[in-house]
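Same chain, two partners: subunit A is paired with subunit B first, then with subunit C.
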Partner chain A sequence: MPALAATATPNAFRFLLAWRGVLIPLLLLLYLALFTSTLTPLLQSLTPVGAPVIYIRDSFINLIGWHLLLVVLSIAAASLIAITAAILVSRPSGADFLPLARSLANLGQTLPPVAVLALAVPAVGFGSWPALIALFLYGLLPIFENTLAGLSQVRPEIKEAAKGIGMGPMQVLWRVELPLALPVIITGVRLSVIISIGTATIGSTVAAKGLGEVIIAGLLTDNLSFILQGGVIVALMAMLFDALFQRIESCLSLGQNS
Partner chain B sequence: MIELQGLTRVFGERTAVDNLNLRVESGQICALIGTSGCGKSTTLKMINRLIEPTSGTVLINGEDIRNQQPEQLRRRIGYAIQGIGLFPHRSVYDNIATVPRLLNWSSEQVDQRVHELLDLLKMDFDTFAHQYPHRLSGGEQQRIGVARALAARPELMLMDEPFGALDPLTRERLQGELKQIQRMLGITIILVTHDIEEAIRLADQIAVMDGGKLLQAASPRELLRNPREGFVSQLVGGEERALRLLSLSPIADLVQPTELFELNEDTPSIDAHLTLRDALARQLWQRSPVLRVVDANGATCGAISVQELLSAGGGN
Partner chain C sequence: MPFRIDRLGLTLAVAVALVLVLLPLLNLQPNRILPGSGVPLGELIAQPGAQRFILLMIPTAILVCLRVHPALKLGLSALSLLVLIYALGSDSDALLAGSSGFARLALGSGFWALLLLLGLMMTDALIKLELGALLRLLLIVGYLAALFALLANGLWDRLSLMLEYHNQPTFWQQGVRHLLLALGSILPALIVGVPLGIRCHRSPRVRAALIPVLSLLQTIPSLAMFGLLMIPLSLLALSFPLLAEFGIRGIGVAPAVLALFLYSLLPIVSNTAAGFDGLDPAVLQAARGMGMSRRQMLWQIELPLALPVMLSGLRIVVTMNIGLVAVAGLIGGGGYGTYIFQGLGQTATDLVLLGTLPTILLAFLAALLIDTLIAMTQREAR
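Our next item is the complex of A and B:
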């Protein structure tokens, strides 16, 4: 069936082209995580004599899973809080709290995650909790600011029309403001996710599970190969999620280029 | 019937609308006209409670609008503003379906209504229903805005400068369509404009506002013949008044029997449904004091002379 083939091929090609930003990091990541040992000859020269070339104390898939869990949980919580706060302070009744909310979100970004870790350990002990707290605080600001920006760029005439044809305040918010602000909000979440993927590595200094373990092990034993493995995998994860969120953003804003 | 009684709105120090009394009969178009900041939009928004009056009442069919939830009230009143009020993230279909869905119509009812409205506005369902607003021209967007306002079969429609952003040709065409639809559905329209031509073309009653006060409310003919001194006179235009007055009447009103004139093949002809203003323009252009008047089938049904026009276009 030549006709079918002729239409199927460009479609598949277009799909690959659109998703290449996601697929390339994904494939590289899978390769690195599952077949790290095939790189042994390459990494040999970076390893001190007698030391292991490939990190073996835990599987990379496992570490990636833990790393992502940390990021997803903290950014989910940060999104929930930051988006809710931005919605509240963008309502007429909450406008008074805008400066306060803004300075709190800024504070989260200003405190270095390392300092947060150091402060959190005495309070909640070693493990994943201090890392979650640090990532959560660090992730608030981009999401908060982008939600505010997204909501404020909805043209007043559109909100007035929505109100004028009989939508209540919640309906205007859910059916008009949030859908229109969504691409910008997603951009904020994307920024926070990418920052967190990188920042989560230092969580390993307080015994949070994640890819930071590999890098820290490398630093402690002067093993450049370990540092490279951990670093490259983290970088690929960041690229993967960046591309994934960009795809979501472009799909969302497809219908509404006004 | 809509009645505004002693309607006043004060914003801080400024009185935007000052003790306004106005009555609009059912099935009529009322144009609120004035310069920007004269309070016409504020007045309009007090009718659907987008703005609450400082004092005074609005009665719709004798019932005080404060007895209804604002949202419930607004769903019963069509509301159309300049085309930019469409929801950019929703298709034409979903834009039109907004109010029926708020009123929990079944999806079959919604679907049928969207078809009807696109039909009414002479827009092809398959071409337009699933487009997004940014893909439409200004005139098409405005039509959808009107369709959305009409979706839940309101008896009253409020329009805030609905044709303000359109080019003159499109504007004139849409004004014609609006008037036709309004006559067909028998709805009441209150419309805000700053364009006196638009008000004269569309309205049964023109309410002139300045500085928050209603200066004069009258039919277009009355307003042109007897404008109050000052702002109203300025607005309706000095010399141009005569032409605007002529534009209010169809040629049919002044047709005389052909026997009174000597018509021959060279006498220019004109359609009976055009206005007296068109007839005068044709007479000037063709340098002919008499025109043959023809009906829709092209048959001669009389004649119109420049003398008759002179008697109709004058002041008192």
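Our next item is the complex of A and C:
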């Protein structure tokens, strides 16, 4: 990882350049969430006469918080389960499960996220729970698939060498296989997070709290201004997380190559 | 030969037993909306159909635990599922006897769990059989056709899912509309995306400029994308009423098709570029040596050899779009999403299922079809 010296201007500049994908959406997001009212004159023409210009039923900071909470909780649980499962089926004792697990991960990704969301409602009712469950289930697949891919691309001679210097199977896993597979695993987590941000938006149709409710309120009352606010904020959030994870990935693979 | 235990099969068989004991196969509901109570296993097992299913399920579960030939496992688990579906239909009259006319018999959590477990058994056996891609496709399509023939014969007409189906006269039209919407945006995306992908392959500068923009588009959540596209489209329709007559409006098909087109570009462009990148330079050299023109090389060598990778991009796009069209139901795009969101609005589980199951099935079949094509083109390319 590049060392950052705050005093050296070229370094600070390089830092800003490398992180611009994260910083630009972050600043825009903060501006929109905190100072939405400054945009009222611009948005006036998109609003039906007499209707509120800015979404008022909840603050954007609150909605962003709820949206993120859903995503973080479900993806944290999904990462834990999916990575554990991928480790288990890639051990010799899990070999019976490997072919089925592989094709399930492949098949499961053809499942539309909205279908998973809709099926969770009869199971647990309306609210944030069906969204949490759908995000969790749908988040499993990319993480599982990428963990398997990452573990299987660790070269056998590296594992042999680790065994040769006296490491036990657990040590080989923790100190060799997982660190080498980490960039690929993080890619899987990134995919899951991006899909989740999108699915959580649709989650507002089943009464989950989040930014989708701004868009849906706009759709229901023909208020284009609401649609614009909700849409832009969600889109910025997805871009922010995509860029953030990509930065983490490139930092990790840089660290590995050097 | 000593019998060895298949751990996966053992896990699945134990799960089947647990599901049968713990979860209801059927729910008896007082009417369409109110949740019902599970039909207890004891009551179900008094029926002839359920007895036949249990009698078949026991040997199936035992054989699945052992390392026997996968064809035997496939046959038995496929037959068990058919018998289960038949039993639920044939027993429904007796189970509904004595209830009011509004009462409905709905598929319970136990049925869905058994469907999943038997599906897993069949998938595992199918993988281990290592059939050719075309034969596998034919087997699956044939089996699904048999299931549909049973349902079309009115087998499940007393169950609430099929009652809901008979309430929706436009079910098949919605299906056609769903497919047209999903595929209709792919053709223009191919016309634009494939040449762009070839450009990306030839010029790193074009690639560096284009791919980040397309990936950025891909991250935008679907509902946000639909909403954001509605704004310019409805402003257009307001200022040019003629456009609105042609369907270019904020609500409905236009934003959906435009959004799907934009989403489709990244997988098509990047997979086309990757397919061309992966071509063997020796083959290209040989073709050039034979005196082929650039155009001949493109059509006769490069495109056919890059086809498998391009097709796997198409697989991503087709399955993604089938799912996204369901979301477009929310903005009046039509298709099975309409049923999903109507069902959610009325808390009618069966209507939700009537929208969800065909969407899943369409996506699954499309993926299977393209997988078969990929396998066939790969064999040809070799």
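The rule is short, and it goes like this: the second predicted complex is superposed on the first by the 240 of 258 C-alpha atoms of A that agree within 3 Å, B and C clash if a C-alpha of one lies under 4 Å from a C-alpha of the other, contacts with A are read in each partner's own complex, and residues count from 1 in each chain.
Simple rule for what comes next: a contact is a pair of C-beta atoms (placed from the backbone, for glycine too) under 8 Å apart; a residue touches a chain by one contact, two chains touch by 3 or more.
Computed from a predicted model, the values in this text were never measured in an experiment.
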Touching A:V176, do we find subunit B (first), subunit C (second), both, or neither? first
Kindly classify A:G168 by the partners it touches after superposition: subunit B alone (first), subunit C alone (second), both, or neither? first
Superposition-derived comparison: subunit B or subunit C, residues of subunit A touched: C
Contacting residues of subunit A [partner subunit B, same complex]: 155, 157-158, 160-168, 171, 176, 179-180, 255-258
Subunit A contacts subunit C in the complex at 46, 96-97, 99-100, 103-104, 107, 109-115, 118-119, 121-123, 126, 194, 197-199, 201-202, 205-206, 212, 215-216, 218-219, 224, 227-228, 230-232, 234-235, 238-239, 242
For the subunit B and subunit A complex, residues of the former touching the latter: 45, 48, 50, 71-75, 78-79, 81-82, 84-89, 91, 98-99, 102, 132-134, 148-149, 158
Help me check something: in the complex, which residues belonging to subunit C touch subunit A? 6-9, 11, 109, 120, 123-124, 127-128, 215-216, 219-225, 227-228, 230-231, 234, 250, 319, 322-324, 326-327, 330-331, 337, 340-341, 343-344, 347, 349, 352-353, 355-356, 359-360, 363-364, 366-367
